[in-house]
Structures are given as C-alpha cells and as structure tokens.
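Chain IDs A, B and C follow the sequence of writing; residue 1 opens each chain.
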Amino acid sequence: MNAIEIDGITKDFTPGLFGAKVRALDGVTLRIGAGEIVGLLGPNGSGKSTLLKIVVGLLAPTAGACRIEGVPSGRVEARRGVGYLPEAPDFCPHLTGFELVLFHARLGRAPRAGMKERVEAVIARVGLVEVMHRRIGTYSQGMRQRIGLAQALVTDPRVLILDEPTAGIDPVGAAEIGAMINRFKTQGRTVLLSSHSPGQIEDLCDRVALLDHGRLVLQERVDELTRQGGRTALLVDPLPEGVLGELRGWLQARGVEFHGVEMPRSRLERVFLETVGRRSKGGDERS
Amino acid sequence: MNRVAFSLARMNLIAGNTFREAVRQRLLPLVILVAAAMTGSAMLFRDFHFGSSELKFVMDVGFGALTFFGAILSIVASAQLFFSEIERRTVLTVLAKPVWRAEFILGKLGGVLLLLLVYCVLVTTLLAGLLWWCETALMKADPGAFEAGRTVAYAGLVWCGLVQWLKLGVLAALTLLVASYARSSLFAVLAGFFALVICQLQSLARDYYGMMDSSLARGGLELLGLVFPNFQLFDVADRVAAGGTLSIGLIGGIAAYALAYLSVYGGLAVYCFRHREL
Amino acid sequence: MAGWRFTASGIVNSRAKVTVVVSAVLLITGAALRPVEEWVRKAEPHPMRPVRARRINAVLGQGTSMAVLGGFRALVADLLWLKAYLAWSACDLPATETMIRVVTTVDGRPLCFWLNGARIMAYDMTQWRLRAVGRGGAVPTALRRRITDEQAGMALRLLEDARGQHPESAAVCVEMANIHLNTRADPAAAACWYRQAAALPDAPYYAARIHAELLKRLGRPREAYAWLRQLHPTLPPGEEAAGAPVVLGRIRDLERALEIPENERYVAPEVDVVAQRQQKID
C-alpha cells in the first residue's frame, strides 16, 4: 500500500466574497510508497505548500482526493501517523521548548507512560537538550526550526510532511536537518518535503516531483535525473601539461574518447561546512 | 480504522495552553493591575462622593472597573489568542495532530473563560477586601450607624462577580465567533467592541425602534436586535449597591441566559472555523 | 468525499452559506431567548430604572459613554456634578440645566442630584432670568409670573422623572409640594403632594401636619380635622419630631372652631387622658 496517494488534486482560491478564482493546483497526481523520501520542487508560488496542506488535511481540495495510508486525509483519523512541520512556524515565544513538545505529545495521544522521557529524547535527537527549558523567544531561527521538527517527531509518525524544513537556516543547520531526514529513511519513515532548492532535493530525496504553476510537470527518481549518460569523471591532484598529454595518448590508444580537462573549483558550501561545522558542532545552541 | 472521538482532555489541554500563553504574555497581570488601581483609586475619590454613600461609591467604582477592564480583556484576549495561532501558523501544527477543529475552538474559548474567571475572582476579592476595610473604619468612626451590623452584602458581592464573569464570557464567545470568520485580529477586536456597545445599549435601541413610525424600519431593527444579547440583564451590581438581594431564581435565570448564548456562539464559532481555509 | 468540510462548489458559496447559517441561528436564538430575558426582568424588577432612549438622546456626547456602557456611573456622575456646580456658580442657565439632566441620567440613584437640581431650576434659575430680564429694574408682574411658572414647570418635570426612579421616596413628593407652594402659590396642589408624601414609608412627620394646615388654609377645616384625628394615634408619643402634642393641640383648636359637640370630640389614647387630668387639676 502507498503511504500517500494524491489523485487529481485541484485547488482554487477565491480572495474575498466575490473575487476571481485563482487556481493553485491543477490535477496533481502523485503516489508515494512507504519508506520513500520524495521532494516537491518548484519556484515560489508553484503550489507546494498548498499541496502539503491538502495532504495533511488542513485544506480541502476543490476536486480530487488524497489518502494517507488509505484513509482520506480530510478525516482526523488520517493524522494519527502524521508529523507535520509548516513553513517557518513561529511558536509561542513564551513557552519553553520542552513545554511546546510536551503539549504536542499530549495532543498527539502519545502514550502517557514515560512521556516526559520521550519528549526529552526527541529534543535530544534534534540537538536542543541543553536549551529545552529556555523560552522559545530566545531561540535562533535554526533552533526554532529544529524544535518544530521535534514537535512533528514526538508522536513517532510513520509519515512526515515537511514544508521547507531548512528555510532561513544557515548551511550548518541545514546540513544537520538534512542528516536527520536521511536517518528517517533508515527508520522506515515516509517523508514528503518541499523545497525550492534543487541541491537539497538532490541530496536528500529518492524521488523528485516538480511543480510549476500548480501543475506537476515532472516526477522522476533523483539518481535517474542526475546520472550523466555514459561518461566517467576522475578527480585527481593537479597534473602538469606533459602528464596530461601522456594520459590523453594512453586513452586514445585504448579507443576511449577524451572530452576535455576541467579544473573543478571547490563548492563554497562544502568549504563553509568543513570550516564552520567542524568548529561549532551543534552550532547555534550557543547563539 | 478506529474513529477519533471528540476529546474533552484535548480540549482542556488547548484551554490550559491558551491560559498559560495569556498569563505569560502579561495580558492578565496588566489588566488586573489597572483594574486594581482603578478600584483602589475609589478610596482617593470617596471624599467627594455627593450622591451615594461612601461604601456604595467604592462598590460602584469597583464593579465599574471589573466590567470595563474585563470587557477589554475579554475582547482583546479572545481575538489575539486566536489570531496569534493563525498568524504564527502554530494552528497548523496543532490541527496536523489528530485534533478536531471543534476541540481547538472550544479549547480556546475555555482558556479565555478561565482567564476571565481568574480576573473576576481577583478583582472581586480585592473589592470585597477594600469594602471590608473601609466599612471597618466607618464602623469605628460612627458605631451608631452600624448598630445592625455590617451593611455591605458580601455574599451578594460574590454573586455579582460571578454574573460579571458570565457576561464577559458571553462577550468572549461572541468575539471568538467573529474571529473565527474574520480575516484580521483588528477587525475582530473592533467588531467585539462594537458588539459590546450594541449589547449594552439593547434596551435603548428597543426604546428607539419602539418610537419609530415606519413599521418596516422597526421590523428590521427588531430583527437586528435579536442577534445580540441584552447585557443590561447582567447589571446586578446596582441591585446589591442599592441594598437589594440577588435571589437564586434571578441568578439561575441570568446563568441560563448566558449559558445559552455561550453555547450558541461557541457552536457557531466551531461551524465557521470548520469552513475556514487555513 | 468523506471527511471534507466543504464541497467543490467554491469558497464564495461556502462563505455565503456560513453567513446565512450564522445569521439564521443567531436570529432564532435571539427569538427563543427573548422570553427568558423577559422572565428574568419581570421576575425581579430592577431597583434602578434603566436609562431611557428619550433621556439619553439629549446627553450623549457629554463624556457619558463610559458610564452608560455599564461602569463607573457614580464616579462619572460625581465629576459631572462638579461641572454642573461650576456652571451654577457662573449663573450659566443652559449649561446648568444640561448638566443636571446629564447627571441624573447617568446616575439617577442618589436623591440629592434630583432634589438639588430641582431646587436650582425652580428658585435659582428663576432669579437669574428675572435679573437678566429686569436689568436691575422691576420686572412686570405678568412676566415675573410667567418666568416663575416656567421654571417651576421645569423643576416639576425633573421631579416627575425622579419619581419614576424613586417611587417610594417621600422627599421627592415633599419637594414637589414645596415648589407648588413656594413658587406657584398653589396650596391645593401642594396639599395633595404633602398627603402623598405622608403616605410613604420614609415620610417626615411634618408632611402630614402641613397637609392639614393647607387644608385649613384652603377653607376645608373639616377635612383637616378628620385628617388630624386619624393621624394622631399613629404618632409615637415619645418622639419630639412626631409632634403628637402639637397635633393634639391643633385638633382641639379645630374642635373649638368647628364647634364639635363634646361627645363627638376626639379622645386621644392615654396621653390625652393625662392631659385632661392635668387640666382638671389646673
């Protein structure tokens, strides 16, 4: 059984009582298998958040149907096994991180026995255990996002819906959240996340669904899309011109066509992660 | 598949969270402080009370503060605590759990009612203490005037506080109904104050349309008048200040009236919220 | 589709439907609860008459909104009374009249606002107007009469309103009687109001005595005699203010004047017996 089934979802919004209809989604159909990580990719306003809200049951579609583990997502029962992180949530600044996650644990009908320990464990998993008794108002953006992830995880959901989980977070924080999402796959959870960053989808997801102006224009496995057809690249230390000439001759002698030589530059993001990430493990707890 | 039933426990959880948020936002302490200052200031003004006796004057000012600042608290808290969830998108995280929208709205209403109860209890207690202190001082100064014992009906005072809580509760439910339909908190707050004025002046409005010549206009206004409760029914402080008593029948009647409106407004707020796009 | 809260018919229809349903339920609720409201109101009438539209129309915009909306009536009324006093000390007739009406509308509970307001209207304002008209000289009698009558009428109308608020107050009736007597020189109307005052629980003893005196003045001594006869036994003998001996003295005067036969004369309980004994000894 698919974890999430989206069948021909169309969504129209009508601003005000008599405004003209705006179509946010147009006949989107998508199947997501259990344990799969799927990324919704698209520019701003392409309908990613609307689709995720329909999947969670927060919005009703104008047409079409959506089911989570076989249950229509408009029903309260469908949300039993779902964890949801909306885009840039701004949790009540007067609550502590612990209070917030405990509140959501209770709402999500988490077992009463050992609830506090469970909450602490989830907070530890998102790396905020040292600040969990501090008010959220004192948290950085990254910490807020991580406490949001904790509230989504606290009921141990089988399906996670994450709307721009790394929006507004620095690369270190984004990498940590990325690592967390990768772990969900090993735990057998299904993840549907949205992003407007192709790099992030490429790094995290098994499959990508590309939305544009409310239409699903492409859905494919990420490795299929990113595979460079029939070519091999070798990365070695810098070679002098003479050695390069010898290498070219050696390849030609074996019938291998030589396409060219590039001097790849280091990705700035990787430099940043290697430099800053190494120095500040768990980075923004101290911010 | 097991159905998720409506849960009072989850509703209470949301109510408790709403109350905690209101207290930590310093909304309640601030309003209590201002109301207490106003009540206390009656002691400063009591030397120039012309008409009523000193104790009646203090009681009048105290209940004036309770009602006036209570109305502000009721409207602002209902609108603000609802819209803060919408604007911060935290309502999405709550409703993404197996939570009914009815549990959310009624939980919000419960939290505001709890907030108003705490407010009414604190201000009424403060007023009772002030009156006791003032009456004791008067008894020492003029024992002859108090031969029959204390003149303030303290039990009546407690009932007055309870009735004011019911009135503020109805106002909170009405504001929440508007908020569940409205698009901005400013609109909900303004509509709440507008409704307060209409509810308070219901008797006057009925006088007005009673005097109208056009039966069409009179009928239209009468219909409009039906939409709002009559808050003059809750003005029992005058009875106590005038030396009257509050019978169980009267309090029961007022409570039934208030609870009926609370239920209808609460139910309609749930209905509107179920149809709201988040 | 099961579970969805609204259909594919669109948001316009949905919001319109919500609006219609909410309005209908509110109307039905209002209609259903109107009898409950009436029952509560009639079960125990409010000791204080609510502010009426006719009166509030004239006073809104005087800073009274807060008081009318249910709070601080005493405080606002006191502040406004100070304002009325300032207008009174400047002999500003329109301002004083307006402020008196505002004060009594905002808080009609204290009697002193009504009584002092009526006195200002009946006596002080008459003098202000006469001074203004006469400019230091004499005012023609007809004009004087008219002004006095108008001011008395104004004061009496205010006191009529006061009676609506305080139907059991003898002080209001006494004040009406005083105005009839002092400004309109109408002892018949005054006698009538003193009689009404005397029938009320908190009536001063003198109201009943003045009623009898006015009946005498009106040439109705028999009515005065009958009134005093039924009044005297009700007076507490030990209380000076009740004036039981004074009333008895007036009864005796009337008996002599009316030549009431000895056997029909009033026999006062105990106190009168003591007085007769005293007379015999003398």
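In this text, contacts are C-beta pairs under 8 Å (C-beta built on N, C-alpha and C of every residue); 3 or more make two chains touch, one makes a residue touch a chain.
Treat the numbers as computed from the prediction; the structure is a model and nothing was measured.
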| item | value |
| --- | --- |
| Most centrally placed chain - per-chain CA mean versus overall CA mean | B |
| Identity of the chain that, by mean CA position, is farthest from chain C | A |
| Rounded Å distance between chain B and chain C, as computed from the means of their C-alpha atoms | 34 |
| Where chain A and chain C are represented by their mean Cα positions, the distance between them in whole Å | 79 |
| Approximate Å spacing (C-alpha centroids) for the pair chain A, chain B | 46 |
| Overlap residues in chain A, where contacts from two or more other chains coincide | 13, 57, 76 |
| Junction residues of chain B - those touching two or more other chains | 277 |
| Chain C: positions in contact with at least two other chains | 5-6, 11, 15 |
| In the complex with chain B, residue positions of chain A that touch it | 13, 53, 56-59, 71, 76-77, 79-80, 82-92, 94-95, 99, 103-104, 106-109, 148, 151-152, 155, 161 |
| In the complex with chain C, residue positions of chain B that touch it | 42, 45, 48-52, 56-57, 60-61, 63-68, 101, 177, 181, 196-197, 200-201, 203-205, 207-208, 211, 223, 225-233, 235, 238-239, 241-242, 244, 247, 249-250, 253-254, 256-257, 260-261, 264, 267-268, 271-272, 274-275, 277 |
| Residues of chain C touching chain B in the complex | 5-6, 11, 14-15, 17-18, 21-23, 25-27, 29-34, 36-37, 39-41, 43-44, 46-48, 50-54, 56, 66, 68-75, 77-78, 81-82, 107, 109-113 |
| Residue ranges of chain B touching chain A (in the complex, touch as defined) | 1-4, 10, 13-14, 17, 20-21, 24-25, 84, 87-90, 92-100, 277-278 |
